[in-house]
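Below you'll find the structure, written out as structure tokens, and then a few comments.
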Amino acid sequence: MDKFLHDHPTTPRTRDEKQAVVNRLKRIEGQVRGIQKMVEEDRYCVDILVQISAINAAMKNVGFEVAERHVKHCVSDAVKTGEGNEAIDELMDVMKQFSK
Amino acid sequence: MDKFLHDHPTTPRTRDEKQAVVNRLKRIEGQVRGIQKMVEEDRYCVDILVQISAINAAMKNVGFEVAERHVKHCVSDAVKTGEGNEAIDELMDVMKQFSK
Amino acid sequence: MDKFLHDHPTTPRTRDEKQAVVNRLKRIEGQVRGIQKMVEEDRYCVDILVQISAINAAMKNVGFEVAERHVKHCVSDAVKTGEGNEAIDELMDVMKQFSK
Amino acid sequence: MDKFLHDHPTTPRTRDEKQAVVNRLKRIEGQVRGIQKMVEEDRYCVDILVQISAINAAMKNVGFEVAERHVKHCVSDAVKTGEGNEAIDELMDVMKQFSK
């Protein structure tokens, strides 16, 4: 994928926005550690798979939040300044990866 | 989903098997922390989404390894003792969740 | 999901655009009929699953093309007229469904 | 993916089993034709994406039914005759493709 434009979002994330995402990621990090413990305790495979599915769902939700903000700020700003197509191509590329 | 049978796999995981899965989960845990850092540094949304996609792929791989061992041991043992259908129904239920 | 705005795209699809999508859908329709034949001939389950996976991939590709055009036209137009957020919420809702 | 064993399931599908799967595929075929019509009528992109998501979900359900029968018959038979691991490796390969 060609890198389109930025090192940062066009509108910086506020402290609250950052905190909200970081909190969700910390919870996911805890869930990943929880699975390590399940494996070490030799817990039943299906119970482990249920937890892995839960993490995937939580991670997808974080991804969709990041994507939504991206479209509402970076992509929208690009559209307004006439660079919409490049930003949208980049968006679609990453959504294809993400939705696998 | 009805819990089929077990608290543990029918054949206990060896120390090496556990270690291999735990190592992969530790790497994923590190990747999740890496994304927290990216958010705190207000990094570009698309770069964050690429990392989230990588974690999802890694997590799916761990899930498929757990599932493969589950079918090779727990489900196979159930098949041999005539309890195959219950074990397979349970397997399919969790694979549906997992492949969402 | 709340219906946002339209019965039609903000920019009508050209005859060529329609034809390109319809051709891909006709090919998919043929693949679905192909699987019916495989089932009637009692073909091996794994071969059928490979074909089903191929159809899903093809269908996803069509979906991403429709989504890309949607963002480049309808969503971009909404952004320019100050209705971006509604259009983007609607987009994210359908992408969540679509990426399951 | 290496082809494991068969041209047919180890236990032939009954006429009723075939009919049930074919009926579901015919319904999906009709849905694919429905989308062609929507494109020709230049219907709103999001409405088309909703239909595509519905087809993907229906196709996945058919796939899971085929997979379930496969595990209950072909894989189980392989397990009983000591060829389980090859059958399970083949199963996991196709499930990875399928769950993308």
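So that you can tell them apart, the chains are marked A, B, C and D in the order they are listed, and the count of residues begins at 1 in each.
Following the convention adopted for this analysis, contacts are C-beta pairs under 8 Å (C-beta built on N, C-alpha and C of every residue); 3 or more make two chains touch, one makes a residue touch a chain.
Chains and their UniProt names: A, B, C, D = Metal-sensing transcriptional repressor.
The shown structure was predicted, so the numbers you read here are calculated from the model rather than taken from an experiment.
By count of C-beta pairs in contact, C-D exceeds the other of the chain pairs C-D and A-C.
Annotation: 23 Å between the Cα-based centres of chain A and chain C. Note on chain placement: the centre of chain C and the centre of chain D lie 19 Å apart, centres being C-alpha means. Within chain A, the positions touching two or more other chains are listed as 60, 67, 91, 95, 98, 100. Arrangement of the chains shown, judged by which pairs touch: one closed cycle in which each chain has exactly two touching partners. Listing the residues of chain A that touch chain B in their complex gives 1, 3-4, 6-9, 12-13, 18, 21-22, 25-26, 28-29, 32-33, 35-36, 39-40, 42-46, 48-50, 52-53, 55-57, 59-60, 62-63, 66-67, 69-70, 74, 90-91, 94-95, 97-98, 100. Of all residues in chain C, those touching chain A in their complex are 60, 64, 67-68, 71-72, 75-76, 79-80, 84-85, 88-89, 91-92, 95-96, 98-99.
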